[in-house]
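These are the structures, in structure tokens.
Presented sequentially are two complexes of subunit A, the first with subunit B as partner and the second with subunit C.
Presenting the complex of A and B:
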């Protein structure tokens, strides 16, 4: 029985394996600019999925509206940079801060709700944010969108100039860095006392309260951290794609795909959502698209159905992070 | 045995050299980035059909092989840029045509600029796209040309003094509404009602009452099919006393007439091209294109297909012209050839300014008369006389 429950690899080892893979991927792809740009998208999705999983997988609060925080972060940075001339690097930080603040606006009332009602409240919040972006035309340019958003400025390290406009590879490694930062935040948070409190809240609110956990504060921190990380990724997206409209920034994609990636990769492993994002992107790009040029997205649905029915814990769910009885922290 | 082998090889090479597949010049690699799935799929598919027809004709005419690469951007901005990475960065195409929607063309045209690859679009009208002054950016149509047809016809053909404008809050309709308002005001036409409505609005009566109270001569609705249906229905209920009902795009088309029947009569709409609207210098080209399109795809070409066809045709001609001049295809020579273009086409005269915008583009304004689209403006494309005043809910 012990063999069955024993993990194949620890969370840390799994993190290192995925990290190594992410770092090596451009080499494996021969620095092909197209595939590199495809995996930039996958890493953005992966980072958002890790952040989403902190709230859902660790704290047990499912969100159907992470597009709200992604869009807030994206718009914050785009507006600051295009209208007031801020540095895009500062925009990334501001995107995270405003994403976190946005989460408090919805979190404080929504944490009175439970289960699907909380998830739907966040979904509604995303729609409200989208409508605001559509109608605050003096700030957001409304439905016309913000065009010509500046890319991240080049960095000069000695004689080495790192350019973010022309090179996809530099963007890849920046987003990889951001993704690892998100992962480390979630990793250390989960290992802290607060992480234990989140696990307790995940188990049962009332029991957690009974053992002295401040349930509201715990949920609020989980949501704020998750939203902050998502906001940073939204800000990066704005400077990477260089165009933003309410439809793209608050697209349902940023609410749905992190859930899909997490379910696919496994919600119980912190790195699972990242692995899920990489695998579904790879499968889509290298397998489904090859055979079904225009209908390849159909396979996502089928694949997800297969995973939910036959492997409900996801790719890494049973293989990462579980300790057998004899293991010690 | 050895001699027989040599003779056989000679025959094989000789046949290959003289076969119709032998091309006069090295292949031209033409990339297409267009939505084939997602919200804009229908438009992107029609665009690609037009481009494919242009490629067929070009190969026959010049005996130069065209290696066409078509990538689906899935109606997504990120994928649009990624498609260009693939076309320009990996496939090393000589130029890219296609692109539909300003939000997709924006990132895609920037990616093309990074690779110094000429990019020619037919589906993005936002002013900001050319404001960047990308040296590789060209387009066949833009917003001022659409607005010019409406404001020109309202002032010159209808002689309206006051116009009420209602517009859908989506990007293209919001932009054309503002552009038309500015142009009308500059021409001395009053715009006392300028109201936005959200996508999905079904009750237009409060907005129409404002138009009624302001005593407008014409009602201009910058929207889409459901908006036209809703406004015409409510205008009928209110018996709105205006003399003309003008829509933006997708109005007065055969599908529109089929759906609305008599309630489609007398409405005005803009179109870049419809069968029979070509200037007289390009009538022959129009007829040939339509015949070839019908033969190839067993359907009538839409204006989007016509735009796709023209973009493919002029881009290929430019690549070839540049190639002949320099001995090899180069982005610089292709750009030069495009900039020197000045031709009369089925959608009017085509030439580009220094930003890649069309110098002479004006859409046509037509009126639905007995179910048919009769172009009434501009005058060089006019097909019949305007019926004014007249609205679908009863002549005024």
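Presenting the complex of A and C:
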């Protein structure tokens, strides 16, 4: 392990540092509002990655198809708001609920499978959901997509009026709040007894069963919570972009990029995926795109290869968490 | 305490266990012996609910275990120490032990049992903050048994505790197992190390190609010519 000067911080400190950075970012980027909207996408991705990592990093069940829950959340909210006149805030909640329910539909049969087979089952589910969105035209407008989705309306608390769409910066802080909420859910879940059970399942699910952990229930809860958070983010995305088509809502981007962000940021730290999302977005925007306008996404592959070879635990991997005596040697 | 009747297990078309019946008497060590591939581990996995039987009945303390999930069986007090230890390497010795008390809610009982385990294996006390990934095979086996004890078992299933251990360490582990039985826990021991197993067990069964070939009290098994020839190499 060698490097004795390695910084070592607790999950809570790392969470505070990254959150502080997220809060300060709009001031650093104030020279060009375009960058603020780039980082709104980074925060959406970061929140989905944190949720993905609850299932993969904490409970050990890798999913290749979180686009399914993202798209379900986005479409649920878009349809409820544009067709039935629901409030977009209810849409966020409903997006989460339906994302969670969708995960149970695939999770209950898929948890009979393990490892890559489970991951592929969810990938298949995402494709099926995309086809449904394409073909249930009476509900989703098919490939035309849903246009003019209402944005989140201003919130009025007493005489104080908060308008999220006044500027890109307020928009940014809404998604920062959502991201932080997702982080807190995952943070407290891991500290609970259930989180302990998830870690046990991650280590070895038969041994976990051997100490009395209900393995199926534990996996199902991890998946449902992860999918619910992803669904809420999808619903937010619908009201932020204000246009949905099956290709954007169920885009493979939402399945692949959370994995890239988590691997890059470090899966053992709960805030790692968020840090990863910020860093890869920053690199993409300020470095890759400068030099290679087309094909800059190729660099994600290269970047991932570099991380896997030189820092397999990711950016924050070995630096966050508890230090144990075995580490000191 | 444990009564298995006419148990058969299949993996697809492969019959792994056919019509096995045996009993484990309360407060004693019963052993099941047999060569590689005879179905010993499958038998244990079936008792703990990890594999479901094709037919037959498993009774634990008068209750039928059919259809029970692994965690429900653990809750009833039937705990298995799996073959090859299967600990959590990134956790320390003490953390691994405490994980064994996952279903126990009272801190006082956990602390009490923890000091009982450290009394049983004094070796582990000095290493309680060490990561399990850094322990020797014997120490790992002790942690594995300790973790099982942390769940307050009434019946402990041991799957090849002697696997890969030096003879001296095997003796130490088995002395501890005898102490566990003296303290009131029943043990079902599955072993390939026939000599050691028969020296501590009261009753033994020989499992060959998925069925019981021979059963008797341990003393007469030691004298049995088939056992002597095939298992003890005498």
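By definition in this document, the second predicted complex is superposed on the first by the 309 of 329 C-alpha atoms of A that agree within 3 Å, B and C clash if a C-alpha of one lies under 4 Å from a C-alpha of the other, contacts with A are read in each partner's own complex, and residues count from 1 in each chain.
The criterion applied here is as follows: a contact is a pair of C-beta atoms (placed from the backbone, for glycine too) under 8 Å apart; a residue touches a chain by one contact, two chains touch by 3 or more.
On a predicted model such as this, the values are computed, not experimentally measured, just so you know.
Within the superposed three-chain model, A:159 lies out of touch with both subunit B and subunit C [touch as defined at top]. Of the two partner chains placed around the shared chain by superposition, subunit B is the only one that A:293 touches, whereas subunit C remains out of contact.
Once the two complexes are laid over each other on the shared chain, residue contacts for A:147 go to subunit B alone; subunit C is not touched. Greater residue coverage of subunit A by touch, when subunit B is weighed against subunit C, goes to B. Once the two complexes are laid over each other on the shared chain, residue contacts for A:34 go to subunit B alone; subunit C is not touched.
Judged by the touch definition given at the top, the superposed model places A:241 against subunit B, while subunit C stays out of reach.
Applying the stated contact rule after C-alpha superposition, one finds that A:196 touches subunit C and leaves subunit B untouched. Contacts from subunit C toward subunit A in the complex involve residues 48-50, 69-71, 74-75, 79-80, 82, 86-88, 90-92, 99-100, 102-103, 129-131, 133-134, 147-148, 151. Subunit A contributes residues 32-34, 36-38, 41, 134-135, 142-145, 147-148, 165-166, 168, 241-243, 245, 247-248, 293-295, 297 to its touches with subunit B in the complex.
Taken in their complex, subunit B has these residues touching subunit A: 36-37, 72, 74, 77-78, 81-82, 85-86, 89-90, 102-103, 106-107, 110, 114, 126, 128-129, 131-132, 169-171, 174-175. Residues 196-197, 199-200, 203-204, 206-207, 209-216, 324-327 of subunit A touch subunit C in their complex.
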